[in-house]
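Consider the two complexes below, in which chain A is the common component and chain B and chain C are the respective partners.
Let's turn to the complex of A and B:
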């Protein structure tokens, strides 16, 4: 087990290292010169002014230092929690802007991801090998997984928000309100939260249901299932055993899908102008706020790594083979 | 193990017979036929539509915000652009991103998977580590950073970067398959007769999992389309031209939803869903064709 976690942590550590390196490299080695474009955007027509700006930016980013020095500086700044100053929300530091948005994204993602996983698995397991249900679940599931997240979000917002007028379609809370801890505000938050949540939940649901259905069918065909049914065990019992085996790959699947789920949450937030990381990224791109964009990138990577590690721990708890040091899970 | 008795009978005619059998089941598989039909129909629309309709997709027209009519099949945008023209051009881009991105990812995934699975040992350790790292990094986040710094974004570059970041699960799956094949007798035989690693992989191992490889490509194809559309929607799509994702982005940016212009945002999303969904369904059908175990159910 120590080996299992050791390997996992090594992978996550290396991943973080690679992510930070990408974050450092992309602005410096991509074609095009961010400083020229920033100077150009500022519209300094006077050559002397443009030159001053260029010198200022070069010094600000430390671009006049040798490459390795720049790289070390980047890490040093990172450990001090210094992601730079946001241009869009000037003069707030990037870390502060991001921390303000993270709760919204988490409040949206955690329930949507967990619930869709639980409900999808339950549904898939229930539908497997039940002809009529199976024929209904499968096509619906495929349509749901094939849907781009933002499209279902737009459809829901249009149908239930604009046309039916039941739900608000923009923002995390009403514009007339200030965040506080009153019941009115919490209800208002929930009201705004419902549609983005529903849209994330539904798109993710289809994939889990299909995955579970396939796994259950596979398990029901295996030797132990045949043996149990030959012994005359009730179908319920066999299905319960199949479910416990089939849920393991689904846990691994959850870890593999995290990136896709984050991407889905980002675009869903953009549709609903929900004040989470997705809207932040949109603002950063529209305002060419690269510090904010890069800070958000690191936060997302960090979040995904932490979530991966939690899933690893859950896996060890759920699958006794990993605890006994047997080859249950592969690192 | 009844199959063993048939071995002597299959010599020269065997591959042709297998192919005929696969075709036999393929034509009778509803999922495969439906899925393929939808994909081919949309592909034809994407290929021929722009030629037949002509006109540039982003040209401003004189009749803004028209609902669908005989003249404008899918209506027009706030700027009078014809949504149907944009749709067929967008389909073309979507297929291009799918084929290129999915293709690049499939090639990298195969190379990494085959080499890691066949070689084993240190090579496997190193490639496995690389795979795991790229697997954990959220793809879209990396693509955001890269695309944000690209001043001019083209469809090709978008597909390239999608391909470079979305191969890991394929590599993992192919590695596992290769692992189970590499100790088979026919591989040992090839090794004994002095065949090179490359030859063993391409002649002995790959053909034995060709259906699996093809299905991997289909899934990567669909995945690339979905990632590209998200990227387009966030505003990091191709700077020139149009794609289904960009149409959604435009519709969202210019409040089509609030203005009730449903014809602006329903077709592009429906197009993506149809292509990707049909690919997935065709994939299940293929699975049933190649895997006799799944046929009866």
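Let's turn to the complex of A and C:
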């Protein structure tokens, strides 16, 4: 057991290091210079003042140091929990900007990922080998899963938001509200949350349903199912066994899909201008805000790695064979 | 797995709870600001703003409202200057006159001394009186090198508080034009709060819970909005007989045109200062949305879009070539095709319509340019630019190919279309110009280093004097990086001297200004280092559902600028708020 997790942790550690390094490098190789545009925006009427300002900000952000020094500084600061100052939201620290956005992304992602997985699996299993349902689920599932997130998001925003006027098109909560603990406010939050959630949920749902349907059909045709069936076991029981076996690849699938889902959530947030990490990433790229970009990616990398790790643990729990295998290796 | 609901519900709850928690943070902050004097005004401090008392605006703020620092004129939260901090004067573009604001009056006591009399009874939002010391303190902040108005101390000798109501400023060089500009642009900050702040705090400080003299105080903000609350004991109610009508102003951070449009159509926004490409259709259709003019150009003019030529490169260093290029540009097609008549073609001088009196029509008639392909071809031929290899495009005088590029930021769709038009019409005259769309930051980088052929820029806004435009076009000396002015690196010492002389003409001497400007125009049009193309609008779409009596060219409606843009509140933006009326229906 320890060796299994030890190896996993090592792999995760390496992934983390490489991902963080790449995400430190990429913005620095983008053309342009964030300080120039910052000073240009400042529009100081006097060129000499602009020059002083430029020198001052270059030093403030540590961009005047050699590139290897910047890289070392970056890691040093990282371990002190210091992500630097955001250029876009100057002078707010990056950590503050990100912490304001993370809850929105989590509130969107976690329910969307889990619910779509659970409902999709349940529905796929239910539909498999039931002719009428199957004929309906399969095409709908394919259409949903092939749909780009943002396209569905735009459709929903336009149809239910602009045309029907049932749902708001922007923001995390009404512009007339101030955050407080009241039912009005919580309802308002939910109201704004519904459409972005729905677009994520629906697209992911299709994929899981199709996957599960195919797995169940495969399992129902395997020897143990036929044997049970020949023994006269009730269909319910056979399906339950089939489900348990079929769900394992789906768990692996969840781990693999996580990255795609995160990317989808980011795009969806942008469409609904939902104040989460996705909107931040877009702004960070547009404003060449190295520090904010690094910070948000770091969070996403961490999030995906942690989720994968949890799935690894879950896998050990739900699949007795892994445990048996590990025990064998130890013995 | 058998009971999915058991897992899902707590997760859902946790997620939402977390969202509610962080967004809950900003609330406690505002209370202390108001403790001083507004506590009696609004004891309720509501969590939900009543629609009929609230004005929703957008179009100014591009990033989160992360500072309330009036020194950061380029990114302070919308309304920091105008709603909270005020200036000594406002400027009325319709009458071209300074309007006394915090100052009761101001006058030149001799050629190099300006005396400002302040109003009695103005208080800061923390209850302390506003005095001459605050004004002197604010001006002296400019002595710090990184403060954007540092340059005033190159020509101001000293500023002193004679008594509590009087400020005397002594000049070493009296730049009358620029001084008037400073008088209405500088936001006065309270000495008792700002004293002792370091240079870094002054330039970079967030200045949370701003204490100003203005009609509004800070209420709360979040990543995507800032909320201001009216201060009911504002001095202007009695002294100016003015009162802004909305009790709350919510400024929404821009995310995209689609969102702005959606909010407008859903009646969730009253004043949108965004550029909405189809604004003409919104006005014509029955959406309850209107603009300043009910017909083209729909908007007031706010600034001029110039074609900046890099005069250090061949063949843009040749005035004959520049003039031929100017004649080859089909501006009409940009105005009609690209903008759908939302903008107006610019005068060859580039001066905004509000400055029409300063355009010397004689000079324009003699050396102005207009779209004329035939003439452009002839000018090229006369100057020695001929097509030697028969590809329909002219070559340099020495026979080398001309292949110029013109750049605008990627994603600025209207400008991207505009330079495609320029490229096509220049090609007709035989000049090869290729449109290119680098990322904004890359463009800024290349612009400041002078690493470009041509670009479009409109960074100077309307002001009290055309001097600000000429300063932008011709400022010398050329620095290693040109960040804000004279991107084309055009060097003409004689012209720059004329611009400096214009600065020293008194602002009430209109004839003197005209004379100085006419001379500048003559050289500008003969040399044409920078080509005026069109006037960008003061983008403004308003909805009548909650507030009415918006400024409009029609009938008796107010004629002030309907905008919340930075540095425009003093040009009529604030006055607009005072003329609104609640729409009861």
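The rule is simple: the second predicted complex is superposed on the first by the 280 of 331 C-alpha atoms of A that agree within 3 Å, B and C clash if a C-alpha of one lies under 4 Å from a C-alpha of the other, contacts with A are read in each partner's own complex, and residues count from 1 in each chain.
Methods note: a contact is a pair of C-beta atoms (placed from the backbone, for glycine too) under 8 Å apart; a residue touches a chain by one contact, two chains touch by 3 or more.
Predicted model only: the values in this text are computed from it and were never measured.
Q: Quick check on the superposed pair: does A:162 touch chain B, chain C, both, or neither? Answer first, second, both or neither.
A: A:162 sits against chain B and chain C alike.
Q: Which partner does A:100 contact after superposing on A: first (chain B), second (chain C), both, neither?
A: After superposition on chain A, A:100 lies in contact with chain C alone.
Q: First (chain B), second (chain C), both or neither: which does A:297 touch?
A: In the superposition, A:297 contacts chain B only.
Q: Name the contact category of A:251: first (chain B only), second (chain C only), both, or neither.
A: After superposing on A, A:251 lies clear of both chain B and chain C.
Q: According to the stated criteria, A:18 is in contact with first (chain B), second (chain C), both, or neither; which is it?
A: First partner only, chain B.
Q: Contacts for A:267 in the overlay, against chain B (first) and chain C (second): which applies, first, second, both or neither?
A: In the superposed model, A:267 contacts chain B only, not chain C.
Q: Which of the two partners, first being chain B and second being chain C, lies in contact with A:281: first, second, both, or neither?
A: first
Q: First (chain B), second (chain C), both or neither: which does A:151 touch?
A: Only chain B is touched by A:151; chain C is not.
Q: Name the chain, either chain B or chain C, that contacts more residues of chain A.
A: Per-residue touch count on chain A favours C.
Q: On chain A, which stretch or stretches are contacted by chain B in one complex as well as by chain C in the other?
A: In chain A, residues 30-32, 34, 37, 157, 161-162, 169, 286 are touched by chain B and also by chain C.
Q: Could you please specify the touching residues of chain B with respect to chain A in the complex?
A: Within the complex, chain B contacts chain A at residues 129, 132-133, 135-142, 144-146, 148-151, 169, 222, 226-227, 229-230, 233-236, 245, 248, 251-252, 257-258, 260, 262, 265-266, 268-270, 272-277, 279-281, 284, 293, 297.
Q: Under the touch definition given earlier, write down the residues of chain A that touch chain C in their complex.
A: Residues of chain A touching chain C: 30-34, 36-37, 39-54, 56, 60, 86, 88-92, 97, 99-104, 106-108, 110-111, 114-115, 118-119, 121-122, 157, 161-162, 165, 168-182, 184-186, 189-190, 193, 243, 247, 273, 275, 279, 283, 286-288.
Q: Write out the stretch or stretches of chain A touching chain B in their complex.
A: Per the touch definition, chain A meets chain B at residues 11-12, 14-15, 18-19, 22-23, 26-27, 30-32, 34, 37, 129, 139, 142-143, 145-152, 154-155, 157-158, 161-163, 169, 217, 221, 256, 258-260, 262-264, 266-267, 270-271, 278, 281-282, 284-286, 290, 293-294, 296-297, 300-301, 304-305, 308, 331.
Q: For a test of understanding, state which residues of chain C touch chain A in their complex under the given definition.
A: Contacts found on chain C: 1, 4, 7-8, 11-12, 14-16, 18-27, 46-49, 51, 54, 56, 63-64, 66-67, 72-75, 145-151, 203-206, 219-220, 222-225, 227, 250, 252, 255-256, 259, 262-263, 265-266, 268, 438-445, 447-448, 459, 471, 475, 479-485.
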